[in-house]
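First comes the structure, then the notes that go with it.
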Amino acid sequence: MASLEFLVIIALLGGVLAYLVGKLSKVVGASLTVLVSGFIFVSVAYFGLNGSLDASITYLPFVSFEATDLYLGTSFGILVTFIFFMVSFFNPYFVDKFKYPSLYSMFYLFSLAGVLGVFFTDDFLVLFFFFELVVWTSLFLIPLGKSKKAASWYYGFSAFGSFSLLFAIFVMRNTAGSFNINDGLSMVGGSDQILVFILLMVAAFAKLGAFPLHIWLPKVLGNSPDPVTSVFSGGLEKLGAFVAVMGLVKLAPVGPVIEAIDMALGQYLIAILGALTIVFGTLMAIRQDDAKKLIAYSSMSNGGYILVALTLLNDTSVSGALYHVLIHALASTAAFLAIGAVNRQTGTTKMSELGGMIHKMPVTYIVYLIAIISMAGIPPMGGFVSKWLIFQSVINEGMILIAIATFFGSIGSFLYVFRPLAALFLGQELPEFRKVIKEAPFFMLLPMIILSGLNIFTGVHPSVILQYINNVLAELGVTELGITTWTLSGNNGDLYPALIAVVFGVGVVIAFIIFIVLKKSRKVDLMDTYTAGNFVYTEELLHYSVDFYAPIERLYEKHINIMKDFYKGIAKKVQEFGSFVKYFFFTNKPEITVLWVVIVLGILLLWGDLL
Amino acid sequence: MKNFLSLVLVLALGGMIILSLQNNQYFTAYGEVDITKRVSESYIDRDVNGGTQAVEFGVANNLESGPANIVTAIVADYRSFDTLGEVTVLFVSSLGVALLLASGKQKRLDLHFHPNFMLRVGSRALFGIILMTGIFVIVHGHLTPGGGFPGGTMIASSILLLYLADDNFRTKVKSFKTLESIAGSLYVIIGLVGLFAFDYFLVNFLDNGILGELFSAGIVPIVYALIGLKVGSEISGIIDNFLTEEVA
Amino acid sequence: MSAVLLIAIPILAAFISIIVKKWSPYMLLFVSFGLVILLGYLPFEIITIGGFSAPYGISLVVDNYSYTALYVVNVLFFLVAIINVCNYKKLGTILLVSLAGLNGLMLTGDLFNLFVFLEISGISAYIITTTNKKPLATFNYLVAGTVGSILYLLGLIILYNMFGTLNMQDMAVRIAASGATDIEVALPFLLMFIGIGVEAKLLPFNSWVKGILGHSNKLTGPMIAGVYAAASLFVFGRLLTEVFVISDTFMLIISVILAFSILAGEAMAYSSTKVREILLFSSIAQAGIAVLIFVSGFTGYAVLFISLNGFSKVVLFLIINHATEVVGSDEVIDLKGLFVNNKLVGASFTATVLSLLGLPLFAGFFVKMGILSQLFSSGDYVFPAIILLSSVVEGVYFVKLLTKLWYKEDNLPQVKFELPLVYLVVVISLLLVVFGLYFEPLHEQALVLVNHVKGVIL
Amino acid sequence: MLIDIIEIVVSVLLIVLAFLAINSKMLIKSVIFLSSLSMLSVISFIIMQAPDVAVTEAVIGSGLVTSLFVFTLLAVRKVEEKI
Amino acid sequence: MLLYAAIILMMLGLYGILTQRNIIKIIISLNILEIGLNIFIISIGFVNGGVAPIFTGQNNLGSIGFVDPLPQALVLTAIVIGVGTTALGLALAKKIYAKYGTFEIDDMKGAE
């Protein structure tokens, strides 16, 4: 009978303990994070699944948890604590390179406590308390990496998001009278409901990194240290998904219903923005040279999938969205961890500088392969199931444009997802890395293997997890997905994922046999080009990892950072307004105060018709 | 051009304020003030704490507040706290001036003006007369117009006369500082005695005597004398700071 | 033990200390510590000075509001005095008088008496800022402060002409009895609003702030930004809740000025490159927020907001002024990497900044929630939107500042913080964290103050 | 009747002297105008039956304040001749 | 009539601070502002046909025809506060002159 409050306190005290221990030796402090997050994950998962998490409160007076029939919160909680646990394995190996190692482990556990608090409460104020706690504790993790400015971008967007969430909370409280989430969302009506919907969507978009508010995502995920990036993309983005679920599903649809697709206007706009996120993420991912930035953009476009699916509100779409949340978390964390392992060995994640990692790091290669297969949505992996659900619902609702966008997104993911695989792992082994590189240590491989195992499991036998998601659907009031032990029933037919997996397995075995039997390929030195006859001007022309998609990129090269310049423009406007006011109000002559006194008095007398 | 513009702006504001005061029915016009509707009516009739005695010059005995001069009654008795604050303001500004100007050893400002013998002697005689008028004004503060502040300044101006008449005259600043400190502390101590002995700070615990007599109105003349001394020494301190300069 | 001692003892000590110049700093410390202790024994009452009952004589009001105000101001004053007593020996007497002035401001129930104490604390503030070695900035402050108090006196006299009394509560009663419509009463209140606004650093009237706080040192910075700011905002609150009757047009105009002051303050702080300028513009914005809360009538949380703000500003200005003294300039580039090798001071600076932003685990969060919940419960959406927007901008420039101060590799500024400063700064930031976690006492204090009805002694 | 005439004369003189004090070129001239302005205010206090204030203003206003101004200008004059 | 003259005087004081750039001129304008304020305060206490608020042999008949004494008490304080501020202002002026060599704010170099 683990009580939630006990877990939160353990996380907070664990953080402080990790800080103190970290002062003595960095690695022990970091490995403490592994223990604490492990304990929390196990207790949350075990007690959460059989619904016996008690919500009694003894120490934290203002906090009120709710654990009984809270499937949504429990499912998100289990997922995110699992991601925290997996990523914490990497902490001991990365912590010695940071400037403030003990601080890192403390804030790591603090954000874990915050995440716990967010998912398991039924009171909005408590949700906001932990939401903000996650924001500022994860804020200080970012500058440990390469860029300092990323932190202020991150805080700017997430503060904007969380403060609009706070505004929505208080608007709901005005009608509902209390901070309770369920009746807050259900009782709000009329113009307030539109305001609340918009504000919740802003918060979700800011946290998910979706289209209009996505500038910070690549900057932060690209530049912060590897464990932090995986925690961000796997765990902290899911807060945005959680708020999106509240805003889109729990809140009644907003705006007039459009007959053509019988969907509320508000939901439709969000679907469009989601589709834009997918397209924008894919286009930007294609042109990246840094593997981490590439995966960051892919997780942005996956956020778009979740949004699109949530707006359709039928059984396949919402279950597809929730399942995609799980799949994306597992796949992107595995991908980021693999890149992190490569980064730790070689020190760089630039695709143009790497190559041939497969010879020395085969396990990392396989983990990365499975992760990107799942991300691309190819059958044996989980990605296929969730994308199958989402595509079905989009087509069934008759939203052609958004369907095209989602197809473009998944095809695009074929394009950019395989490039890091080829650039980092395949190809000739670069001379300078030949001697230095060796496989990642066992404790780094363990989480990667677990994650890829899960990736496969979610693809082969999804109904176990989909069964649990059905409880969440029931709680949200959406019709449940028809599941039998081995089949999923969509709108127009059933899916036997196990059967597909078996067929794929047989195919792989056959391919392997052919590979063993037939002649091996001849090892060729990189220098002598193998193109037929004519002289190749630049040797990178055919190298798969160096701007292979240059022709596509040239299409949209010029207006890449419209949005970035837009936000930079805003920052510039605020700056100009500041110095403009400074010029008017702050000179070193005494008469400026008297001038403004006279002017304000004059205006007030005139305007207040006191004459 | 800018001057003219701001003049117009300012005069327009003045006009607006005058207009708004005229249109305001509660703002009584110049001269038609009705004292009974104001707080000061009971200062005149001396019935704040329910005193019923008719206020007769030379007859009324032991009124609620002794001084014949009602303004002194208000300044030194009814609202004596303001005067304490007032004295502190002057104290702080004289201290500030000393801090700003007199940081090191000081010597008289050389003004290229050397008064001849006649002026020096004549001013000595005049000094006595001005000093006496100052003391007179202080002592009769509770009967005739004047009191602590003008009397103290008169004492200071008599010292100013000596400064002007003799260009290397310097008062003993140290002794003035002690006088100022003693007078100030005595004033506060009288207040504290009132607080501890008669449970009201700055209460007039002495007998008020006959209205209009020289020895009437309890502690008011004493307080006013202390204030006079303090103001006198402070202002002469300021004058000394202004008329001296750093020893280069 | 009546509250008059809070004013009489510092003045007496000041008068005595000009004879014994050498001991004046130690008298200052002893008196200010004694007053903090004395505060513990003060009964809640109206003290009449000179035995004359309220509307006629001067009365000091000791109720919940002034008690909290006194506590905050005296404790802050004592802390700032301890840190600066050793290197500002000459100012001992002046600081004693300014302590008396500040206590008088908090306690007095009489409008003209408020003017006199405004002048006392004002003049001692001018003299304290002369230690900035910027006589022109001090001169601007003097002119602005004097014009402000003259306007306040003009407004006060017009009120006296209309209603014939000087006592605050009596004035409120007479205004209500006379049934004067808000329009007629607007002119004097407007003048008094502007008069106090100059001292409370509201935007259009505070051009002196940049000169004073921009070149402040370890005494003037915390004193003007922390102690004096809190005191003048408390005075503002007392006037706004006790005496002022604000009409809708007057209220609309005032809230436009305040909203502009908040957003402009944040924008100016965002656009400045000197650390002290960032702090002073953010304190201008916070003053705007405090007055905004008073105008919309929630004294409880406004008092908490002001006191938290006072404590945080003292901490921030102490650290930055000390660093500027050592490094020589307060440009952000020169102070980069300041906290790398003095982590303790850096940790408390960061904790204070996070509490100012209102992030959880810090006292600022609870106060911000209280303010917003009350503003929302009164049904208006505009002010909370302004406050939240301003705190987003505030968050961005503070985060930018923090990352610069914490993360730098080579040639770090060699700054050594001496022990008393470090000790004070750590204690205050610990308090902010403790009250962030366990905020029951703050809650009761806010509730007690919230139903602080006009003039009723609790 | 006579009082009203004096009152009007004093008011007009007040305003004229104030304007002159502000706009005069030489500092010493504006100081003298200021001193005469405070003397005029003493007269207006007498008109308005306020002897206490008149005495105080006379001694402090025209006596002390003017001398302080003159001393400041003298201290400055020592440095450069033109005031 | 004096009431309006007082207000105009105060406005001229504000005008002086607004336009003049000379430190001494600004202090003079401050003094004009204070003189105007003092006259205004006394003028609101004046009663037509009132007598100076002092009990003497001739007029001891209670509160007939006295002028309002309270404003006069306030003005006593205001005058002395004015002196305090002016003395401080002039001391500052001397310091400014010592540092910048001139009273004109415009040509004070480095006074940002």
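In this document, chain identifiers A, B, C, D and E correspond to the written order of the chains, with residue numbering beginning at 1 in each.
We adopt the following convention: contacts are C-beta pairs under 8 Å (C-beta built on N, C-alpha and C of every residue); 3 or more make two chains touch, one makes a residue touch a chain.
Fair warning: this is a prediction, and the values are worked out from it, not measured in the lab.
Chemist: I need the common contact partners of chain B and chain E, sorted by label.
Modeler: Intersection of chain B and chain E contact lists gives A, C, D.
Chemist: Of the chains shown, whose Cα centre falls closest to the middle of all protein Cα atoms?
Modeler: Chain closest to the assembly's C-alpha mean: C.
Chemist: Distance from the CA centroid of chain B to that of chain D, rounded to the nearest Å?
Modeler: About 20 Å, centre to centre.
Chemist: For chain A versus chain B, what separation do you get between their C-alpha means, in angstrom?
Modeler: 75
Chemist: Round to the nearest whole Å and give the separation of the Cα centres of chain A and chain E.
Modeler: 68
Chemist: Measure off the straight-line distance from the CA centroid of chain A to the CA centroid of chain C, and report it in whole Å.
Modeler: Chain centroid spacing, chain A to chain C, equals 44 Å.
Chemist: In chain A, what residues contact two or more other chains?
Modeler: 588-590, 594-595, 597-599, 601, 605, 610 - these are the residues of chain A that touch more than one other chain.
Chemist: If I count partner chains per residue in chain E, which residues reach a count of at least 2?
Modeler: Residue numbers touching two or more other chains: 1-2, 4, 8, 10, 12, 14-15, 17-19, 26, 43-46, 52-54, 70, 72, 74, 76-77, 79-81, 83-85, 87-88, 90, 92-95, 105, 111.
Chemist: At least two partner chains per residue is the criterion; list those residues in chain B.
Modeler: If we look for residues of chain B contacting two or more partner chains, we find 3, 6, 10, 13, 17, 20, 28, 33, 38-40, 43, 69, 71, 79, 82, 85-86, 89, 92-93, 96, 100, 145, 149, 238, 242.
Chemist: Mind giving me all the chain pairs that touch?
Modeler: Applying the touch rule to all chain pairs gives A-B, A-C, A-E, B-C, B-D, B-E, C-E, D-E.
Chemist: For the complex, which residues does chain B have touching chain E?
Modeler: 2-3, 6-7, 10-11, 13-14, 17-18, 28, 30-33, 35-36, 38-41, 43-45, 54-59, 68-71, 73-75, 79, 82-83, 85-86, 89-90, 92-94, 96-97, 100-101, 143-145, 149, 211-212, 231, 238, 241-242
Chemist: For chain E, which residues count as touching chain D in their complex?
Modeler: Checking each residue of chain E against chain D gives 1-2, 4-5, 8-9, 12-13, 15-16, 19-20, 22, 24-25, 27-29, 31-32, 35-36, 38-39, 42-43, 45-46, 50-54, 67, 72, 75-76, 79-80, 82-83, 86-87, 90, 93-94, 97, 103.
Chemist: Which bits of chain E are touching chain C when the two form their complex?
Modeler: Counting only chain E, the residues touching chain C are 10, 14, 17, 23, 26, 30, 33-34, 37, 40-41, 44, 70-71, 74, 77-78, 81, 84-85, 88-89, 92-93, 95-96, 99-100, 105, 108, 111.
Chemist: Could you please specify the touching residues of chain C with respect to chain B in the complex?
Modeler: It is residues 2, 4-5, 8, 11-12, 14-16, 18-19, 47-53, 55-58, 90-91, 93-94, 97, 100-101, 104, 110, 112-113, 116-117, 119-120, 123-124, 126-127, 130, 158, 160-167, 170, 178, 180, 184, 187 of chain C that touch chain B.
Chemist: Write out the stretch or stretches of chain E touching chain A in their complex.
Modeler: Of all residues in chain E, those touching chain A are 14, 17-19, 21, 26, 105, 111-112.
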